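Labels A, B, C and D are assigned to the chains in the order they are written; within every chain, residues are numbered from 1.
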Amino acid sequence: MNNKRLVVVWAILTVLTLIYVWMDEAVDQNGTLTASTVVTVSAIAIALIKVRIIFREFMEVRHAPAWLCRLTDGWVVLVATCLLGSYFVGSAIAG
Amino acid sequence: MTHVAGPRPQLAEKPKFVPGQPDMWLFVLFEALLFTGYFSVYLVSRTQNQELYLQSQADLDLRIGVVNTIVLLSSSWAIARCVRAARGGAYRSALTYAFVTIGFGVVFVISKVLEWIHEIGMGNTFTSDEFFQHYFFLTSLHCIHVLIGFIVLGVVIYQLWSSKRRSQELVETGATYWHTVDFLWVLIFAMLYVVR
Amino acid sequence: MINSTADTSSEPEVPPDTRLGRFLWNCRYHPKRELWFAWWVMVVFYQLYGVLFFLVTRVQPPPSPAWDTPMIVQWFDDRHHGLLAGFGIVFLISGMCAPMNALLAYSMRRMSVSRVFAYSYLIMYSLSAIPGMLVMAIAMTVGALRPDRDPELIRWLYDFAFLSFSGTMGVFLVGSVVWLVAILLDKNNVFPKWFAYLGLCNALTEVVVAPAWIFQRGAFAWNGAIAWWINMVVFVTYTAVFIVLLRRMIEREDFGTGPLPDLPDKDETVPAGSVGALR
Amino acid sequence: MLWALPAIVIIWVSAFLLFPGFVHPMSPTMSAEEVAAFYRDETARIRYSMILFNWFGVGLIPTVILLAMQVRRMAHRTPILSYCLIACAGGPPTLFLIANMFWLLGSFRPERAPELTQLLNDLAWVTFTVLVPYLVAQCLVLALAIYWDRQDEPVFRTWVAHFNLLIAVALAPAAFGAVAFTGPFAWDGVLSYWVKNIAIAVWIVVMGVVLGQTIRRRRVETTVAA
């Protein structure tokens, strides 16, 4: 029941982490790193998905009153906006 | 004290409750915003000097980061089990899980220190370039959070130890803190190791 | 001014109708006059602090540590009178820290924790004003004193001033920790627990300042985005929060040793008799 | 602890007279060469007087703590005002010790470049002149505490409060000691130097006597009560 669910959540989070390794292999050419907007955006997105899973499952926001659910979800959106915003604004400035 | 919100008839079978002190949630959100600020500064400076960041980033080993992340995720899982066990009244098993959490935390700190030693051995120090400034800053600030987390887990264990105490609220508050340490690392990991 | 906050609990025979009269009455008879005195000193101090540092002397937001010597000399020349007069006022008013720290120490004494906390905090924060503010003011004053001084020496004073100001960390770090531990251990409910966690954030910003001693440019320098701007936001939040919470503490104060009572609802006026009984 | 005060006062006065820059306070208009020459010629007296000050500069702290203890006995609801005095106690000696160190540093290698000696001399004099904030706060808090001490047998008489206010006013101008090189506000001027230091001396003597009387009265009371 409950415990199994936790293990499944843990497994999902681990798999999401391993996706990074695959992404890493896919984008780099023989060890030289190259800039990539796709990787950056998806890295941020995956990280935030993981954060939201941790919120909902490990931190039990799932069972919490609605205000906490909304607060944490709103927070995830806020962080996403800040991170992607600073990345794109920064890139635009750099030209 | 906070679980007395009471079951709402129209909702599901389980009563809704805030895990731990609601006060801790304020910390979680505030601290996370603070880190978002640090990440934003990092991302902006990164875009201004992309080549340098990519070059220095190549010196980081993604595999260490992945192992770190999985270790912390496991510790997060263990503390979640601990909370469930304590709620069910299985205090012995809760204690065991609390110690497992600390174990994973110690593994994390040790691997972090080894990684630092490795990087410093390669000539990458706090002052060597901008990327490593951010790297050492974020990882060590996070490490301070882990160390504070050990104190918090100590409080959790102290609560679980004797039948006289066993405040479920404090156990949950401590767990919330520890999860915060975990998800901050998830973000830091993505920022330092993966972002291109 | 005090009357606006204090008139909720005035005695029945309160005579005056005028603002000034009520103010004088409060100064003389108000049961919480010592607490309100310290609280107002704190508020006025922070207002003056902001005005003096940001507008009169214009040393904040801080200039860059990466500047070359002629720029620094120019910076001092631009602010010559502001620095000398502004820091003169700073010297005059920095004694206002004392009632402020006394009030913070009192908040810890009102808790159910050991006296050690109150006294440690009091001593630490009384000490902190000297390296954290007065040494900076002295270095700035001396820097502005003789514009014809050797530029290299002026530059040394510039570094000395900003590093002592930004780089004084330990007293604030340990001080915040002392306060937050007291709040967490307290059973009298003097402060909400979330303020303790906010105190932890504030303590961590003091850790984040440390690189200011190392870097001359970038996000971690003394004017950097991380070491100054984000920290400033946290510090201002923290200060604003504790000013409000201390105010609420004074309003709730019953001069007992047990848990602080909660504030009655706004619409429910305090019965005058309860204050009479207090006196 | 009070019996130590006269001894401290005597030591301070002798150190004050021994320091060559105090009886005719050094002017801020002195050129770097003049300052350097001063430190070269008067090295010994600067050193010995400042070592004396270094030994006994903190001597005032017990007196302030005694005052804080008297304030604690007043008819107040909270210990805040005595906390204020404790918070003020360490400030002036610390600032004075910083000034003291700059003077000693200046005389340590008087043959160094005159510019550097002048810098140390400036730092010393500015620190010494502006060390008033805690003293002002101390006087004001004490005055307030006495005014608020409403009981039949107040710890201090009201004139002590008036006296402290007066001293606070006398000390205040010294905070602006760096604004001008000449005139009453300059660090060797009438207000910043003479008024300030005489005020401190008068305060120490008067408060010493008042404290002594208060403590003796209290001792008599307690023996009678016992």
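Rule of thumb we're sticking to: a contact is a pair of C-beta atoms (placed from the backbone, for glycine too) under 8 Å apart; a residue touches a chain by one contact, two chains touch by 3 or more.
All of these numbers come straight from a predicted model, not from anything done at the bench.
Trainee: With chain centres defined as C-alpha means, what is the inter-centre distance between chain A and chain B in Å?
Mentor: 15
Trainee: Just curious, how far off is chain D from chain A if you go by their C-alpha centres, in Å?
Mentor: 61
Trainee: What is the distance, in whole Å, between the centres of chain B and chain D, each centre taken as the mean of its C-alpha atoms?
Mentor: Here the centre of chain D sits 52 Å away from the centre of chain B.
Trainee: How many angstrom lie between the centres of chain C and chain D, each centre taken as the mean Cα position?
Mentor: Centres of chain C and chain D (C-alpha means) sit 25 Å apart.
Trainee: Among the residues of chain C, pick out those that touch two or more other chains and give their numbers.
Mentor: There are none in chain C.
Trainee: Which residues of chain B are in contact with two or more other chains?
Mentor: Those would be 37, 41, 45.
Trainee: Counting only residues that touch at least two other chains, what does the list for chain A look like?
Mentor: none
Trainee: Assign the assembly's chain-to-chain touch graph to one of these shapes: line, ring, star, complete, other.
Mentor: It is a line, because the chains touch in a row without closing up.
Trainee: Which chains touch, pair by pair?
Mentor: Once each pair is checked, the touching ones are A-B, B-C, C-D.
Trainee: Show which residues of chain D lie in contact with chain C when the two form their complex.
Mentor: 28, 76-81, 83-91, 94-95, 98, 115-116, 118-119, 122-123, 126-127, 130, 132-138, 140-141, 144, 148, 172, 175-179
Trainee: Can you name the residues of chain B that touch chain C in the complex?
Mentor: It is residues 21-24, 26-27, 30-31, 34, 37-38, 41-42, 45, 126-127, 130, 133-134, 137, 141, 144, 148 of chain B that touch chain C.
Trainee: Please give the residue numbers of chain C that touch chain D in the complex, ascending.
Mentor: The contact residues of chain C facing chain D are 31-35, 37-38, 84-85, 87-89, 91-99, 101-103, 105-106, 109, 118, 122-123, 125-127, 129-130, 134-135, 137-139, 141-142, 144-146, 149-150, 153, 157, 255.
Trainee: Considering the complex alone, what residue numbers of chain A touch chain B?
Mentor: My answer: residues 2-3, 6-7, 9-10, 13-14, 17-18, 20-21, 23-24, 27, 31-36, 39-40, 43-44, 46-48, 50-51, 54-55, 57-61, 63-66, 68, 71-72, 75, 78-79, 82-83, 85-87, 89-91, 93-94.
Trainee: In the complex of these two chains, what residues of chain B are touching chain A?
Mentor: 5, 14, 16-19, 25, 29, 32-33, 36-37, 39-41, 43-48, 50, 54-55, 57-58, 62-63, 66, 69-70, 73-74, 76-77, 79-81, 83-84, 175-176, 179, 182-183, 186-187, 189-191, 193-196
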